Structures are given as structure tokens and as C-alpha cells.
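Two complexes follow with chain A in common, the first pairing it with chain B and the second with chain C.
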Partner chain A sequence: MTGTGSKALLPRRKRRRRSGWRGFLYIAPAMALVILFFVMPVIFTGWMSLHNWPLMGGTRWIGFNNYVRMFHDARFMSALRFTAYYTVIVTIAIFAVAFPLAIFVEKQRRFVSAYRTIIFLPVVIGLATASLLWVWLANVDSGFIGPALKALGWVDKSPNLLATFDSAFLTIIIMVVWKIAGFTMIILLTGLQAIPADLTEAARIDGAGRWQRFRHVTLPLMRKTIALALIISVTGSILAFDQFYIMTSGGPQNRMISVVYYIFNQSFVSFNLGYGAALSIALLAILVAISIVQLWLLRVGEERP
Partner chain B sequence: MSDTGVVLTDIRKSFGNLEVIHGIDLTITEGSFVVFVGPSGCGKSTLLRMIAGLEEVTDGEIEIKGRNVTDLDPSDRGIAMVFQSYALYPHMSVRENMAFGLKMARLPEPEIDSRVKAASAILKIDPLLDRRPGQLSGGQRQRVAIGRAIVRKPDVFLFDEPLSNLDAELRVSMRIEIARLHRELGNTMIYVTHDQTEAMTLADMIVVLRDGRVEQTGSPREIYENPANTFVAGFIGSPRMNLLNAEWTGDGSIRIGNSRIAVQIDDNRMAPGGKLTLGVRPEHMNVVVDTEGTLRAKVDFYEYLGGTQFLYCQLEDGQAVTAEYRSSVPVEAGDILHFRWQADDLRFFDAAGLRLKGAC
Partner chain C sequence: MIKRLLAATSIATLCLVSGASAAERIEMWVRTGVGDAFKKTVEAYNSKHENQVAMTEVPFSELVQKYATAIAGGQAPDALSMDLIYNPAFAAAGQLEDLTDWAKSLPYFNSLSPSHVKLGTYQDRIYGLPLSVETSVFAWNKDLYKKAGLDPEKAPASWDEITANAEKIRALGDDTYGFYFSGGGCGGCMIFTFTPLVWGSGTDILSADSKTATLDTPEMRKAVDIYRNMVKKDLVPAGAASDNGTNFLSFTNGKIGQQSLGAFAIGSLVTEHPDINFGVTLIPGATGGTSSFAGGDNFVITKGTPRIAAVKEFLEYIYSEDGQKIMAKYGSLPTRGDIADKVLAGLDPRLQVGIQAISVAKTPYTLQFNDLINSANGPWATFTNAAIFGEDVDGAFSDAQSEMQSIIDSGQ
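Moving on to the complex of A and B:
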């Protein structure tokens, strides 16, 4: 009995191993892409960050000196501060616009798909293209916003929107909200639509007003969706580059240098490739940490502690 | 009118240009258990949702306990509703689910606590209070949903097909539970279902609806024994009542196919040669040995249910007829049987399907 038993086991184990290989085969193309375009560049960047690596000339191993340098780099610190400030403001602005829009387009009403499309339309434009468009819109003489304000008689002289920090920052925030809010709206819309109508009706019978229903039923049930939208918005904002590069070239008095912009400057303007690599690794670490904190705060995957 | 539970006056509902409820008048006495029953799309759920205030009334008036509530918010109508999907808040514990409405009404904490305790004792869900709906079985969830309704101490309970999502066994026990609850609480209850067994067993009064109109209201016995028309006759009862096309000969008999059967009809609407429908329930179809004045039918197939059998037969003119058969003499498909009935078990309907007065 035992003999036949072990004989019977053998092919089954072999089959399992073969099906394991087949599974691996299926994920292999995706794995190859991830390894080639993510894992290897990250490892290589890590390797570069431990070197003094000029564009031309020999590289030199300097250990963690690039990372030590980072902590005493006032310009990097101010880039971090600016990026954090921008991320907070733009994320709040995006949500403040996207949430009401999502609620607006969730209800079945006339032309609702037209509204959805129109609001979503700017999303399909590239960020660089949108930045260029808004550079023109904000132009003091040949643009739209300044001359329009003047034509309406609200200002005496067409303002140069991109000349002062506050007005340039406001312009960029408005541009990014115009560009991104439609995308956040669609994410939030799927979350809203996933809430069964029965629940809202039960809450109405329970005497919850519009705001209480939103606060006690809609918001808690949208936690996962909000987490997703928040992480996408925050990581996108931390990686912001195009709008500052194209619209303000770093802004009045270089006050609009974001972290990525600073890395770009170090790597491709000053050609400190090693230092740029170290800054990139630091940025990656920051992003991972923030995402972990966000996921933990919003506790995706379980209903609540 | 103050002792009256719910009064509907000429209630109409349109979605766009489409009128789905065509003027319903209904008086529901306080403390009674009323069941709205009808095929899907008959408007029974819409009617319930209008009473709840979840659906706007296009025209007409709703009164609850003598108060016109037509334009009030759902929470101000003194109603509580149990949904087919339970509609429990998934992110709240059972306790929080039940307390939510009371919190919204800003009741003091001790009061909320005691009401939740009392309701959970009635429904025997005390051990579940700290669980979440996701951790409960279907039957338990339905209990919690009922508990959430009870704590509101409503004048009227509304049930929208509450047992449809449960399996057969649980449905029977929850049905008994709801009947017990009605006895204990004594509130007016309005219950929507398409399941006629639920309607028959639970109701003090059944309202049969079709296409947004009331076809008949009455006690289960009235509806079953004296259906107002062929629709009600066919809808209530399982297997359904046999409705046979017949012809009134005018000389004290009717003709069904080749059979001539003596009956008496005192309705002056019937003229000799007029078409009518004979209604007879399967349990009133008795198999007899003699052949004179009986209905001859061939057994197509039968269902053996242990205590009883249902024979599905065909008359000579092709009409289908169902009979309940309790004899121990075996019957096979293909057998020719002769049926007869008690005179007062017959119901007659005119060509329009309306009940004819008369007896055999």
C-alpha cells in the first residue's frame, strides 16, 4: 500500500511544480518590466548615490557623504519645505473642489454625462501642455486673465500674475486643480456610487440630515476611496516639477524650487549626478513613509479597529 | 379619524409622464397587520416608499394617526422601515446601528441605552451588540434591522420584502418571529411581499395590487374564498385556482368542452350562450367513479408531496386543470379521471373577469 501511495504522490508533486512554473511564466513579462524599469534603476541610483559622480571624469566612492551633505544643504531643506507647503495646499484645494463635483455628478440629472466629460476633459491634457497653456493665459499683455480683469474694470493695470510669489503660487494652484480635480472626482464618484441607496434611505428614516448622512454614512464608507485619491494626490504633488519649471522657472527669487526641481538642477544643471541620486533615494524613502502613514491612518483593508 | 392608523386618499405617482400608481384609496386600522401583495412591477414597493416618505407623492394625501404627513420628512412621520437588503450601516456595530436614529434625535444617552437593551432582548440579539453587520448571518442581520426599527418606537412599521434574501427555512422562522412581534408590540405594520404564503400567514388584511391599482382588499380568508376577479383568484393560492373557460347554456347548466355540468347562476348579467370563467381550487376537485355530469381529464404528470399529490391534467378541449389528490389509490400519467365538486366551492367570473354572483 505504502509503495503505491508514494508512487502515486510523485507525479502529483511534479505536476504541482510544473504548474508553479507556468504561473511564473504568466507573470514573467510584467516582472521583467518592473525589474528593468524600476528595480534596476533604483539599485543603480542607490549605487550612484554612494559616489561622487560627475557627468565626465572618473567616479569616486565616497560612502554616505552625499547623504550627510543633504542634511546641511539649506537649499534642499527649503525645497522640502516648499514642496510640503505646496502638497498640503494643493491637496486641500483639489479635494475641496473634487468632492462637491463628485456629489454633483453622482445624482442622475439632465446632461450629467456631459458635465462629467467636461469636468474630466483637462485630465487628458499633459501637465506640461497645461502649464504652457496657462503661461499664455497668465501673460501680462497677450494673455487672457490679466487683460480680461482689466477689460472688466476690476484692475487699473493688467497684473503680471507670475511675477510675485503669492499670485504665481495661486495661479499654479488653480491650474493644477483645473487639471487634476476631474480625475480625483472620478475616483470619488466610484466610491460614492458604491454606497447602496438603501443605506442613505435608512439614514433618512433615522432622521439624519444631509450633512449628518454625509458625515456618518457617506464619509466612513468612502474611506478606502478617499485613501486612494489622497495617496495619488499627495504623491503626485510631492513629485511636482513641470508646472514650476515651465510656468515660473523656479519662481520669483527661486522660492518655487520643488524637491524634484532641485534634484533636476543638481543632476542635469550642476551635473552632481551622485548627489542627485542620493536626493532621489531620500525622496523615495519619504514617499514610501508617507504612503505607509496614510494607509495606516485610513486603515485600508479592515473595516475599523 | 384619530383612531385610524394610516389613511391613503387618491394616491398617485408618476415617473415623468408614466403614471405607475393610479389613485389608491386605503384605510388601515391602527394595530392591524396589512400586507401589500402583487406581482413584480405592481407598485407595491413604490406605495410603501411613498408612505415612508422616500418617494414623493405626485397627487393625493397620506395621513398617519390623523396627521397629514404627505409633505413631511421620513423621520417626522412616525414610521420605521425594514429593508430587503437590511441596509445596516456596515461601519457601525450592532449597538451603534440601533442607536443611530436615536442619536440623531438627540435622545439622552441612558434612554438610548435602555431602548437598545429592550429591543435586543425582544429579538434575542444581546450577545451580538458589539459585532459588526459583516460578522452576522443573514437572519441575525434581519433581526438587527428589525431592532433598529423597534427602538424608534414608531406608530407604523414598514417592511419591504424583508425575508426575500433569507433561505427557505429561515424565512419560515422569521415569519413566525414577525407575527410574534406584531402580537407583542401591537403597532400598525405594513408589509410588502410577492410571496403569498407570507401574505396569507401574516396579514389581518391583504391588499392585492396589480399595475398600480388595488384589485381587492380583505382578510386572507375573504381573499382566498371570495376573490373579486380572476386575477386575485389566480394570484392567491398555490397551486393556483383552476380558471376554466365555460359557456352558460341558460337552462341551468354550463358547458366545458364536451362536458355539461348542472349549475345555477342568479346573475342577470348572464345571457344564454354567454362566455364565463369557472373557478375551482385544486383541493376542491374530487375524483369520482361515475361519469355522468363530471369533468373528464387526462393526467399529464403529477407531483408527489408525501401527504398529498398534485395532478396536472388536461381536459378534452386542451384546457389545463390541477387537482389535489389525497387518495392512496395510485395514479399514473395517462390515466383518465372524472372530477366533481361541491356546489358551493365553485366561483364564476364574467367575460371581463369580474365575479358573478350565484351558486349551483
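Moving on to the complex of A and C:
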């Protein structure tokens, strides 16, 4: 840049700098909270991850050994695999249920607010409470599902749903969809309602069918909403813990150990806080990476005409 | 730094609380699933003394991590009823009060249960003293035996006999079952009731020095077969496959013909389920012999507690004849050998089987007990579920064997 050019820009830059300070003042309280409750703990976790840090007794600096150990840890790898499997299945299931529900409750019809309330109701229950409720529902002797199937004559003997991997996994997926779909539905609903009626109207006049309108008008306009719902759902699924801890204690045969469950076990069952911290940092990196990829795939930052 | 900060604040609050009244209030934790013996003793103590004990029950599967976390956060209770298996690890970490001088001054010190004192001793200093003793035994429901046409007074002596009896009991009806065990990944339940099958036959799951896993033996294969066979023949309720220990005392519902359980359960059955008419005997080994798991709790005191005098007074009450009698009535075998006969006089004769079991009983000694055995996600818990309920028995054996060995090796 030439000298004359920069001289001409000077006053504007000064003004910008002053308003920059004022802006900083506005966000300072929020920043303070984020620094105190997020950035500092993350830095501390990072510091812990470089140590052999038992729950009781002295700590010892071991550099990056915890991170090296991670790559040879078969149980961590299988926890990662299981978490990925769970995330894919549960996210598809949630969207497959939530999208039709959102379309259903979007239109003005009789009792629509009653439907919305009923579908949203499970969301306000805590996940741990919901898990306990479903432990009872799935109980083989004193529960509901098994004895009900038996009473209907569909099975000879009440099945123990939580005893085999497939049926336990299916039970958990159904529980999570029942619990979460209402929330995803509300997010998608706001996106649907933000689409101006004239656009769909215009498409209809142009002769677009129901599916074409959905594919070429509704979906592109909901891109940001879907991205938000997707990121919330994927992040939540990757951080899943309560349902596996409460409903199956990680079983049958340890096949339902999610990453967070494994971190918990390493930290508070085996008392390796240092290794648990290293695993947490790795999980944080994975989550950040996945979120970036999702935002990029859905091109949220780009302005579209 | 955070540890220190938490410790400082909690000490400050402790000072405020303890300054408030002259009578001391002792915070004490106890694990669930050990019956009522300790609870009743606390009640009796509180009604007669100025000092009071506030007892908190913590789920048995979480007690160790909760206590360890509480110590790290400076929120630990004054004293704890700790599964004696964990005593060495906590003593080694320097978290427990050294009781050596006081313990040795007790006139009955030499008659306290020696295996408990041994596990409470670390580098010649004593950090834990016996609180409760229990052994695992085999129980059968005499009423169901009678109904099934079996001799209710004849204790089964082998697993063939147990299986045959279970079949006859199962034939009684829809919801009556021949046998029960908590097989849904409850490591603690299974080490207590299932390992006696291999111990009785003369083998073990760990080598004598605890440095080699010796899970895959013909005796263990046989033991697994016995349980698998009973599951296959539908002699065990379906709930067993996912019971992580919450329904361990299913025997008390009166619809289970036979089950291995502990002396604590004898106490609960006698006092709370008098309608259940049962007999007890030693657990037969898979290929002959008998064995039992000798367990129980040690009384440990958190290092640096300000109420140590009050805690000691309470412990002396437990060791008094009154205290021992209440403990025994609810199923905890006497911890003081010198007055054991006096304490047991007039109590249920079935408790004598629990005492007999001590002579054939074993207790595994390893610092990694939680990782190896007790954790719901550890190799032992996984193995028992996979081998007995799973499809691939060989896989269950090889997975657990290598996983146990790798945990042992990484802890060296």
C-alpha cells in the first residue's frame, strides 16, 4: 500500500479502533465466563494429560506418553467404533422421525398445539430419568414390554431385552429417539416456518410436484436449520453416556462402551486421571473436526442468493 | 492446586461444624449389599451414646471411586466400611489413618480375624481393622425341595445333584426356577459365588503371586459348562443375564430353589424373611471338593479426621460383646475369635456353616482388584457373562485371559 493511501484511511481506522474497544467491552462478561469455565478447564485438562495423574497420590510428568498409549489401546479403539456406529444409527433414526413430525405439526390443523406438546414432552425429562424409566419398561419380569408381548401371545416367554446386544441396542435407540426427536422437531419446525409461503406457491404454479417442492425449495432453504439440528444431534450422540451406564452398565459383554464411558472408567474406576484427560482432549479434537466438516459440507457460512 | 483449594475450604467448614456442639457426629460410609448388621449396630450405638454416627449407604459398585474422589476433593467421611480387598491400595496411597499403636493396645487385638488384619496391614503398619466377616455358602429352599419331591434335609453335594434338583424344581411351574445367579456383568457377585467352583477343585484364576492370569483351566471350563447347561435348560430366570447385582438376593422371593449367597444374606433371611425355610451348605467344587470366598469389610479411618477419638470409641463398641452380638444376629460372623462362641450362642445354627466355610475359604490378593474383578466393565465381569450366556465360549476365555494379563502387566 502506498503512503498517500494509508494517510487517507487514518481517521476511519481510528474510529474503527474505538468502536472495537467498545465492542470488546460488551462481550467482556461473556468472554470472562467462557474463559473461566471453558478455556481454563481445557488448558488444565491438557496439562493433566501430560502427567501420570492418579486420583490419589503424587503426579509425574510423562510428556506425550498418554497420547502414544491411546493409539495402541484396543479398548479405546472399540469405544470409538461403537460411538461412531451409535452416532450414525441414532442420528438417522432421529431425523427419520423428527422430519415427518415437523412437517406434520407445521400445518395449521385442529389440536396442533396439543400434538406439539405431546411430542415435545419427553424432551423435558432428564436423560438419566428416562433411562431409569426404560430400564423398568424393558425389565423381563416386572417390566412392561416383555410381559405385554407375552400377554398378547406374540412370544412364548417374556424376552430379556437388555441381555443381547441387538435387542438392547434397539431398546436404547428407541428410547433416545422417543426422548430427543421432539427437540429436533422443534428446531426443524422453526426452519420450516421461516420459508415464505410465496416461494412454495410460485413453485406450485410452475408445476412442481410435492416431492419436487420439498427437494428443490424446502430443503435448500432449510440448510442452516438442518446444520444446526445435525450438529446438536451428532455432538450429543458422540457424548452419549447416561443411557449406556444406566440401562446396560456398558454390557452385554462390554459391547456398549461409548468414548465418554471409557473416559469415565479410566478416570474413576482405574483412577488414571491423566490418561482420562488425554482421552478427553482427543475427543474434543474429534468433535471440533466433525463440526467443521459438517458446517463445510452444508456450506453454512456462505451467503446464498 | 484445585485439590488443595477444595481441601482448604472443606477443612474450614469442618471446623465450623465441629465447633458447634460438644457431642461429636461421625460421618461414616458403608456399601450397600452387606445386609443390615452394621445399620443395626449403628442404631444401637446411637441410642446409648452421646456421640452419634451418621451412616450413608453408597452403592457397592461405586464406593471405591466415590471415596477416592471424596478424598481428592477433601470431602471424605471420617470413617468407612471398606471392602477389605481394597484396603492395601488405599493404605499404599497414604490416605488412611495409622492405627497401629492404638490397635495393639486393645486387649483382644490378637484374636481379631487375622486375614482382615493382614489385608489392613501395609509395610508393618495397621490401617484397617476387621468390621464384618462373611463367607459364601450354598443355600436351598426347603419348601420348594419338598414340593418337588426331594428330601428337604439333604444338602446337595455335587453340581450334578444341584442340576438334577433344579430341573425338578423348575418343573413345578411357570415362575419357579431351580437356580439363580447375578450374571449381567456383576464381577463382585461372581467372584463371590462362582470362583468357589474352581477353588474347590484346586485351581485359581490368578497365580499365587497374582502376576499371571490362569483363567483357562479344565476346571474353569467345567464350571462354565455347569452354569451354561442350567441356563440352556431354562432353569435360571431370564433376568439373570442382565442382573448387575441389584437382584442378587432373588432367593428371598421364595421362587428360587437354590442359590449361592453370603452369610450376610443368611442374617437378612432369618430376620426379615422368616417365611423362607432354607438350608445352607458349603459350595461344591466343579470337580469335587468345597470352597468359599472369605470377604467382608475393614473399618478404616480417613487420614487427618478431627473426630478420631469418637471414631475409636465407636469401634470399641463394635468389638464389645453387645456390638458383636448385634452384628452376628444380622449375619456378620464374629470378628473377635475369643468371644465367638459366646456371641453365636443362641443364634441361628445356619450361621455355623458360614464359620465352617472360613476353613476352606480363599481371598484373592491383588492391588488391581477393581480393574480385574469388580469393575462392571472389567475382564472378569465380562468373561462371566460372555462365557455363560454368549455364543463363543472359546473367544470369551481367550479375550478375558489376555485382557487380565495385560491389566496385570501394565500395573507392574
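Convention: the second predicted complex is superposed on the first by the 275 of 305 C-alpha atoms of A that agree within 3 Å, B and C clash if a C-alpha of one lies under 4 Å from a C-alpha of the other, contacts with A are read in each partner's own complex, and residues count from 1 in each chain.
FYI, a contact is a pair of C-beta atoms (placed from the backbone, for glycine too) under 8 Å apart; a residue touches a chain by one contact, two chains touch by 3 or more.
Note that the coordinates shown come from a computational prediction; the quantities given were computed from them, not determined experimentally.
Once the two complexes are laid over each other on the shared chain, residue contacts for A:212 go to chain B alone; chain C is not touched.
In the superposition on chain A, A:251 contacts chain C only, with no contact to chain B. Counting residues of chain A touched by each partner, chain B versus chain C, the larger count belongs to C.
In the superposition on chain A, no contact is made by A:23 with either chain B or chain C. Judged by the touch definition given at the top, the superposed model places A:63 against neither chain B nor chain C.
With both structures placed on the common chain, the touch criterion links A:158 to chain C but leaves chain B unconnected. Comparing which residues of chain A touch chain B with which touch chain C, the overlap is empty. By the touch rule above, chain B contacts chain A in their complex via residues 52-54, 73-76, 79-81, 83, 85, 87-91, 100-101, 104-105, 132, 134, 148, 152. Residue ranges of chain A in contact with chain B, taken from their complex: 196, 198-199, 201-208, 212, 216-217, 220-221, 303-304. The touching residues of chain A, counted against chain C in their complex, run 44, 54-57, 139-141, 157-160, 162-163, 168, 248-254, 257, 261, 265, 268-271. Note for the complex: chain C touches chain A at residues 2, 65, 68-69, 71-72, 90, 93-95, 175, 184-185, 237-239, 241-242, 244, 370-371, 375-377, 382, 385-386, 389-390, 396.
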